[in-house]
Every structure is written in structure tokens, then in C-alpha cells.
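In the two assemblies presented below, subunit A is common to both, partnered first by subunit B and then by subunit C.
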Partner chain A sequence: MLGSGILKGLAVTAKNFVGSYHDPKRMVTVEYPEQKTNIPENYRSFPFLVSENAEDPMGSLRCVACQICEKECPPQCIIIEKSKDKKPDAAGKMQLYPAVFNIDTSVCMSCQICVEVCPFDSIKMDQVFEVAATERFNELLLTRERLAKPNSYYHQIHPTEAAEVDGRLTAERQAAAEKAKAAAAAKAAAAAAKPVVASTQPAPAPVAAAQKSPPPAA
Partner chain B sequence: MIGQGSAPAPFSSLPGPTVRAVHDQFHGDLLEVSMGPQHPSTHGVFRMVATLDGEQIVKLKPVFGYLHRNHEKIAENTTYLGSMPYTDRLDYLCSMSTNWAYALAVEKLSGQAVPERAQYLRIIMAELTRIVNHACLVGFLFNDLGTSFTPLLYAFREREKIIDLFESLSGSRMMCNYQRFGGCRVDPTPEWLKAASTLVDGFPRFLDEYETMLTGNEIMLARTQGIGRLDPQHAINAGITGPVLRASGVDYDIRKVDAYGFYPRFNFRVPLGSHGDTYDRYMMRILEMRESVKILQQAFKELPEGPIMDPKAKIRGFRPKAGEAYGRLEGPKGELGFYLISDGSPNPYRYRVRPPSLINLTLLEEMCLGHTIADSVVILGSIDIVLGEVDR
Partner chain C sequence: MSAASGSEHFLEHAPLDLRDWLVQFLTHWLHLTGLLQWMLHNLISIVMILAVFGLFFAFTTIAERKLLGRLQNRLGPNRTGLPKFSRLFGGWHFKHKLFGLSQPFADAIKALTKEDIVPAEADKLLHFLAPVIVVAFSLMTFAVLPFGRHFIPVEMDAALLYFFAAGSATELAIFMAGWSSRNKYSLLSAMRALAQLISYELPLILSVVPVVLVTSTLSTQNIVLAQGSWTFGVLPHWFVFTPWGCAGFLIFLVSALAESNRSPFDLPEAESELVAGHLTEYSGFKYALFFMAEYFGLTALSALGVTIFLGGWQAPCEFLQIIPSYLWFMGKLILMIVFFIWVRGTLLRLRIDQLTRLSWKFLVPLALINLVNGGFWALTTEWSGPLQIARWAISIVVIVVPFLLMGRKLSTGFAPRTYRYAP
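And then the complex of A and B:
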């Protein structure tokens, strides 16, 4: 019968209309500013810099200004200037730090490539999304003061990933500390062995190698 | 708005009055209507300059390029990894398959192997993307037919569930940036796989409801059957691919022809049309969604455990050896290919995209001739274009 297809379709529409009042499967709208959906853990918006110490964020940035993210950033929205002096990092090693670290969020496309290429786990993705600004330039250009967020915040937004990163960093620092200790012991042993002219024992070979930290892969 | 059109005016695509009279020595007095670039039915910033004889289209010129963003040249100036997020922005409805096409080309260039689990994940993502794309297309097609949003919102309701899955996996709803050279970026948790599997199992129910609502609708049949016919000879000559080609009855699916990825392990059929009209193109999408559900159900059942990245894959300092490669796959819109020439440096020497939307759009005039301007909107909707990919 002509028109039966239309009537069948209208029946479906009526079912959906009635369902939209009581069936949770058909109630899909969220009244946004009042209600909010849960953000998944993997959600990413803009990058931020991880600092170890919440009291002194500028002094405890993990970033060592290696500028890899600046080079790899596809839209080139990261601007880094290296410091002239060095500061001790969390493991006590003297490192450069970023004197300037700016991210232009009006250019950033939230692709996460900076996070993937960072060898020091110092830049991570934030989850803020209500980032409207009233001015186009300075408010959207995030300086290192605005980018720095403590490690506890990172644990709060990406718990699984942060736990994994922290485990890896602790293991690395322990290994580095043990290596430094072993190197120091070997050095002391070599120094002790040196005055004894008669000794034919060769100096431990891996001293030089152990003192050097592995260079970041270029 | 009609201009001073007594003198014969040459056919032009230059910006000018939206409606003007032209004179043609065969047809007599005609009306040239410029639809777009800001027209809701042109699916983005796209312009159709249609010359009308009464209601009928006697000439139609697609004008595009309004969304050109220099994609290929940008990719030649960034690293191989750096243009992966840009490929998301090509076809912004199906970033997962565009990522895969690019990864496929780079892997061909560098000779990287992909672990088994990553191959399965890629197929899962590509088929979910196909469902997302076809659901969007079907919704928008009905919008073009004048159903004022109800079918579109039903389709978007289902699409949103898949997009949410993409978000919880890759971090972004549409700009997934998920594939990497030699594998995938994030390993889905068992909970994610379970949620995806439940969603896919429930999808045919939605399709049944959708078809009850619309496939038998007499107005829809009258508006689509016999409209915008494309014969297979024309389609093959113009290099049309994807569902538009298969609607004309040409059995050409790169999943079967190239057998890339692990597709030969999957049992699925390629739907074929016989008339090549708008209705066949619509049905092609519905049937392909049903086949995608079958592929996904097999993939969730057989998904092996294991690594998702090639252990030799490099994130930093990736330099494939000098050479050239063309990687292609059956995207939701047709043959999506990336052609790369490497000179051994970190950037590609030449980077070229073969966009299915652009090439499918070239026969728009053939399909529209003799129909009314209202039909041309429906025909354009059934070709399935995304202007991000047409203009690049």
C-alpha cells in the first residue's frame, strides 16, 4: 500500500520520542554546564610541564631544555631557550633548565607528539578544556610559570600512566645512583691502588663509561 | 539579484553575482546559479556553479579549494612522524583509516613489520571508522533529502558511542593520531574491548530500526531511485573508487584486491549495486556497515595477545632509506593512498595524497545533468565528500 513505508517510519519516530522520556538508551543528552560527563583517563587537551616540587615549581621542572619537542612539534608551537647556568635535578645531577618555555595554545593541535618524543618524561598532556580567553595573544601563550604543574596533579589526571612513569623514573634514578656509587668506589680503589708501584693489577676499565650518563638519543 | 544579462556572458567560475542570466546559443536564455561556498547542503566550503534551463541543470561546475591548507607541502617540511597528526585533519570523520593509510606507506618505505595484535587493532579501528563514516553519510543524505534532522540525529547518536570509544582509547574524539610506524600507540584494555564488542553486537539492531524507518519510505524512493545514475564505464574511466564505484556494479574493493593487513583472514562479502543511482549508493553504505559488523565480530573473537609495536620502531630520528612507496587502502570513501619519496633525510622529499573524495567528485556534472537543483544536492550527498580531503 502506498504510504505504508512512511507510516512504519513514523512508528519508529514515535517509539524514539516516547523512549526519550524513560528509556536510558535513548536519553543521550547531557545538560552541559550543569552536568558534566566523565573525562576518560586518556583524554588529552594541551601539554603541561611536570615539576617535582609543588612549592618550588620553577626550581624543580623535570625539563632539561634538550629542545627535542621544539624540533619535533608539527605546528612548531613550542619555544624554548636554554639557561646559561645549571641546576641540580631530582637525582642531584647538574642539568640545564629552560629559561624560556612557551607553548602557543592558539597554534597547538593537541597531537601528543611532544609527550612521545620527550626522553625525560617532563612534558605531559593536560585535561583542561574550558580555556576560553578574552585576549588573543598573551592569554593564549602559556609561559613556563603557567605550564608548570606538580607531579601530584599528573597522578590525579592520568593515574595509571603516572604510576608507570614514576616507577620507571625511580628505577632509573636508583640505577644511576648505584652506578655513581660503583664508579666512585672504583675510582677510590684505583686511587688507592695507584701509589703501590709494584701492583700489576689493571685499573677497572668501565670507570670512564660509568661516569658518563647515557646521552639522550638524538 | 539578476544581473544585466542581455549581452552573452561567458561561463565563469570567478566570484560574482550569485544568480545571473546567461545566454547560450543552443539553449537560449539560461540562469546561472552559484551555490555555496557557504551553503548548508554543500557539506562544507564547496561551490557548485549550476547553469539552469528552467529547473534542469544543463551545466554544472564544481568549484573547490576554499579549504586548501597546504597539507602536502607542510608534510614535506616536517618529519615523517610529524605529519601523522596532520593526516587526521584530511578526512576528519575517519582519522583512524587515514592514519593507517599513511602508516602503511611509510612502513612500505622503511620495511618495518607490524605485530599481529597491532594488525588486528588496525582492522578493528578501520572498520569502526567505516561505520562512523557511513552512519554520518546516511544521516546527512537524509538531511539533504529534507527530513529536517531526525534521521541525522539517530545516526549521530550511534556514531557518538563509537567516537566515545575512540576518545577513551586515543585521547581525542576525532583527531585520534593513533597509528604509528610499526604498530599502534595505545593498547586497549580488556574493558575497552568488551565495551566495543558489546557496542558492535548491538549495532545491527540500530541498522534494522533505521532501515524500518527509512529504506521503505516512498518519498525517499521517489527522490533517490533513478537519480544521479553513473554507468560503470564512466566510473572506471574517471578513477572513481569505493562505494560509489561498487554501486555501479564494479567489483573492486582494495581489501580484496590488495589484501593488505590481515584482511584475507576475515570472512566478509563486498556488496554490489546494479543501477548506480543514489538509492544504490545509499544501500551500499547500509550493507557495508553490516559487513563491517561481521569483520569486527571476527576480529574481537580472534584478537591475539602480544606487543603492539615493532621493537625496532624508532620514535625519534626516524630516517627511512632512499626510495619511493605508495601505500593504499580501502577507506570508507574509496581508495585512500599516500605516495612518498624519501631521499634518506628525516623529511619526505615528496608527499602526495590520493584523496578519494576529490576524485569521486569529478563526475558530479555527469551525474547531475538533466536533474533539478534539488536533486543535485542529494547526488552530492550520496557521493560522500569531506572538504578537508578534497582541498587538503
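And then the complex of A and C:
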């Protein structure tokens, strides 16, 4: 009969109306400022710089100012100035560090290319999306002080990825320490071969990680 | 019962008494003469209608948004509370959001402060006049609606004629808006709007004519009075409870939906398909005026439907007459509006050919048959006893059989749709 479809439709919406008051499962709305949904792990907004030490973020940035990200950045929103001096990095090696590291978030398109190209795992994507600012220039231009966030924060927002990165970094540092140890041992052996009374003790490893490693096979 | 009827009497008259007292007070104070006194008397009525239905409009918009939300399992607007005058009150402000009920006032301020853009090539005068006229005519229809037993702004013998004359004049304003914008899309959609409005004007008026036949009056107040009796004191004699009245009411509902440009007949201004139809070149408060006129038109048509078919201000049961008549009227009006919102949240928009086909091939013939039905009812008022049953049976058959036949013809080849490749 003409009109029966209309009545069926009216019944459906009436059910929705009544259900919306007693069945919270029907509701799709999240009342945002008060309630928040969990952000998926792979969500990304803008880049940040990883620092090893939360107490001294500027002294322990992983970034060595190699400027690869600056060159690769498609909208060119990264501005880096190398330092004049060098500082020891996490592995104790002397490295340059970024005297200036700015990201213009009004330009950044969140493409993650800087993260892909970084050989030092020093720049990662953040999940902060409440980025409203009252001023266009200084507030949207993130300096290195505002970009630096500790590794523990990285673990917090991207747990899987951060565990993988940390595993790789530890392995690399271990290999580097072993290499250094082997080199030192070889040096010591060479020194011992000379007829001079010298200690055969190898040079102390630079970092704690290296000390824990087993003695070199050579 | 006397005490109850006494209190009812007092409330029925109270607003009118207040108005008369105010007029007398001001007459004494300002030494007004006859004409000025008459003007003051009517001015108070006009201000009351504007205030009551202005607020009614404001809260219809928020109710519509909230109801539509609920019909679609959303919450609807619930953010707008009172403004935070923290600086004025030493850091204190009212924290409750008031369920978002102050939303219409925020919308009004937004519309008022927006820039009013007039196209360079537009006919400036008509472009300005169109929203003014559309609001004026849709407000004029309120003059003849009986809101209560003693509440009728203008008591007129040809009230129905006046109502439809004023109501159809808004169509002129819509075409004015489309033409004066100097925009071909505005003009085209104004023509479409006009085609729709003219198509549905006919069934709208034809659905009302049987009531005129039966009551033999064009006065809205007398039509309401004709519905003022009860069988056993509980079954009201509203026209919607007669076969011809029920059919007329349904035709009236569909035509009223189309006349007030509401979903599923909102083709002239189909938000999700067109820019804004004839309102394309309007912005700011002029746009808000069109919006307002649309709601005023809807309210007026709902009020007319209540007056003609749903017993107007009459109580549904005799003992419920303790509640003042104007409250019954407003309650019925709100129910009608809620029903229109419910329909809007349910049905899909029609195509223009479906729209006109529904009117010319279905509603108009059905309304004409219903006219005959109403005439039959008017001629058989003396039938009683078993003849009364025959009267009802004949009246039902006369309207239901054409409905079924025409409905079948209207929907052949359209439903149900079968899908060949999709499961």
C-alpha cells in the first residue's frame, strides 16, 4: 500500500530517537574536550627531536645537524644551523649538534619524509594535534627547545616503533663499542709486541654499554 | 465544578485583561484619543504575536537540530551556555551549558554581525525587499488564527480566504529574490520553487474546502467552535476523526510540507545538492530573514492544520477544559512541528518530476474526491441510527478505494526495486 514504506521509515527513526536516550552504544558522538578517544599508534602530526636525557634535552639531542632532513623536506619547513664546536653523543663520539633547529609548522605537511631519511633516528613524528596559536609567526615556528622531547615520550606515543628503534640503536652502539675495543686491543697488542714494559690492559671502553659486552674474540 | 470553571475563566481572560488594563493605564497617562487608543490596543496584540512566535521560532530551530540529532543517534548542539562575563563578575561565571538552549541567540548574533553582500549587478531595491516581504506576508497569516477561546487577533468572516491569500503572496517574494539576484542559478531555482509552490497550493486549498462545506463558514473561530463537542465527554468531534477529515488532514500535511519547503520537498533549497537555490546571493541577516519566514510559514500552516482538523484550542476531553485553551493550542502546534521534524529526519528528498507527479496525479484528484466526500457528509447530517453507520461506511469507501487504486497506479514500476547483481 502506498505510504507503508513511510510508516516503516518513521518507525526506524522513532526507534533511534528513543534508543539514543537509554542505549549509549548507539551514540557515535564523543564529546571532545571532555572525552577523548585513543589516538591510533601510527597517527602523526608534526616532527619532534628525540633527546636521550630528559634532564638535559639540549645536551643530549640525537641530532647531529647532518641537514639531510632539511634538504629532503618537500615544503622546506626545516631550518638547521650547524654548531661550531662538537659535543659527545650518546655513544661518546664527538659530534656536531644543531645550534638552530626550527620547524615551521604552518608550512609542515606532516609527510614524515624527514623521519624516513634521518640516519640517526633523531627526528620522529609527534601526536600533538591541539596546536592552536594566537600568533602566526613565533608560536607556529617550533624552535629546538620546543621540539626536543625525551626518548621516554617517544616510547609512550609509538611503543612498537620506539622499541624497534631502541633495539637497533643499542645493537649499533654495541657493535661500535666492540669495534673500538678491538681496535684498542689491536693497538695494545701492537704496543705489547714492542719490547717496552707496558700494561696489556685494553683501553677502557667509552660507555657503560661497551663495558658490559663480552671481550673481543680477537 | 464551579470553582474549576471559575479559575479556567480567569486564566482564559487573564492576558486579555492585562492588555485592556495596560491600554487604559496608558490612555489615562498619555491622554490618548480614540484612534490612538485603538492603535495601541492592536499594537500590543502585534507585539505579543511577534514576541511569542519569535521565541517559538528560535526554539523551533534548536528543537529541530536536537531532534534531528537524536533521530540519527547524535546529540545535537549542547555547547552554547551563557556568555562568560568573567571580567564583570570578578572571575565568576555560570558554568552550566543549559543543554545548548541559548544556541538560537548565538545564531542570531552571528547572522546580525555577518557582512551583508549584495551582488554588484543585482536589483538593489528588490533584493532588499524580498526578505522583508516574505517575512511580512508569513507573519500576516497569524492575524486570523484563533490561538485560544478569546485569542484571535482579527476576527474575520473570510479568514480562510485571507490566510491563503497572504500565504501565497510569499511565492512572489521568492521569485523576487531569485530574479533580483541577477544570478541564473538563483532565477532557475526560484522558478523551480514557484513550480513546486503552485503545484501544492491546489491540494492544500482543496483539502480545506470540505471543512468549509461541512461547517458552512470561512471563519476560523467558527470552524473551531464547530468541533467543540464530545461523545461521552471523552471522544472529541474533531474533523480529523471523520473519514473525509482524516483524508483531508493527510493531504493537508503533505501539501503543507511542500508549501513550507521542508524535507522531503525541500528542492528549492536542497542544502546537500544546490548551493542555496534562490537564497544563493543572500547572506547575513537577509538570509536569516528568509529562514525565519520559512519557519513562520511552517508554524502558520501547522496552526491552520490544528485549527481546521485537530480541533484548534478545544480540549481533547470535556473534563480537560480546566487547562486554558491557548495551552491546548500551543501543545497541538508543538506536536505538529515535532511531527514535521520527525518526517524531515526520516524521508529522502524527491526529484522534481516525482514531486509534481505526486501533486497533480495523486493529491489533486484525491482532494477532489475528498471534496465530494465532504459534500456527502454535509448533506447527510440528519442521518441517524443505522443510517449513521451507513454514512460512515460510504464515506470511508469513497476515499479509501480511490486512495488504494491511485496509490497502486502511482507506484507501479517503482517499487520494490530488485538488484540483479548485488545480493
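Basically, the second predicted complex is superposed on the first by the 186 of 218 C-alpha atoms of A that agree within 3 Å, B and C clash if a C-alpha of one lies under 4 Å from a C-alpha of the other, contacts with A are read in each partner's own complex, and residues count from 1 in each chain.
Note that in this section a residue touches a chain if its C-beta (ideal position, glycine included) is under 8 Å from a C-beta of that chain, and two chains touch if they have at least 3 such contacts.
Every value quoted in this text rests on a predicted model; they were computed, and no experiment measured them.
Applying the stated clash criterion after superposition on subunit A shows that subunit B and subunit C collide.
Contacts of A:M109 after superposition: subunit B is touched, whereas subunit C is not reached.
Applying the stated contact rule after C-alpha superposition, one finds that A:E145 touches neither subunit B nor subunit C. Touch criterion met: A:G19 reaches subunit C, while subunit B stays clear of it.
Judged by the touch definition given at the top, the superposed model places A:N42 against subunit B, while subunit C stays out of reach. In the superposition on chain A, A:V28 makes contact with both subunit B and subunit C.
In the superposition on chain A, contact of A:I6 is made with both subunit B and subunit C. Put simply, more of the residues of subunit A are touched by B, taking subunit B and subunit C as the two choices. Only one segment of subunit C in 59-67, 293-301 or 347-355 runs into subunit B in the superposed model, and that segment is 347-355.
In the superposition on chain A, the residues of subunit A contacted by subunit B and by subunit C overlap at 2-3, 5-6, 9, 12-13, 16, 26, 28. Of all residues in subunit B, only 78-79, 81-86, 88-89, 150, 154, 157, 160, 164, 167-172, 175, 177, 185-186, 209, 212-221, 315-317 touch subunit A in the complex they form. On subunit A, the positions that touch subunit C within their shared complex are 1-3, 5-6, 9-10, 12-14, 16-17, 19-21, 26-29, 31. Of all residues in subunit A, only 2-6, 8-9, 11-13, 16, 26, 28, 40-44, 68, 72-74, 109-113, 116-117, 119, 125, 217-218 touch subunit B in the complex they form. The touching residues of subunit C, when paired with subunit A in their complex, are 67, 70-75, 342-343, 345-347, 403-404, 406-408, 410-411, 415.
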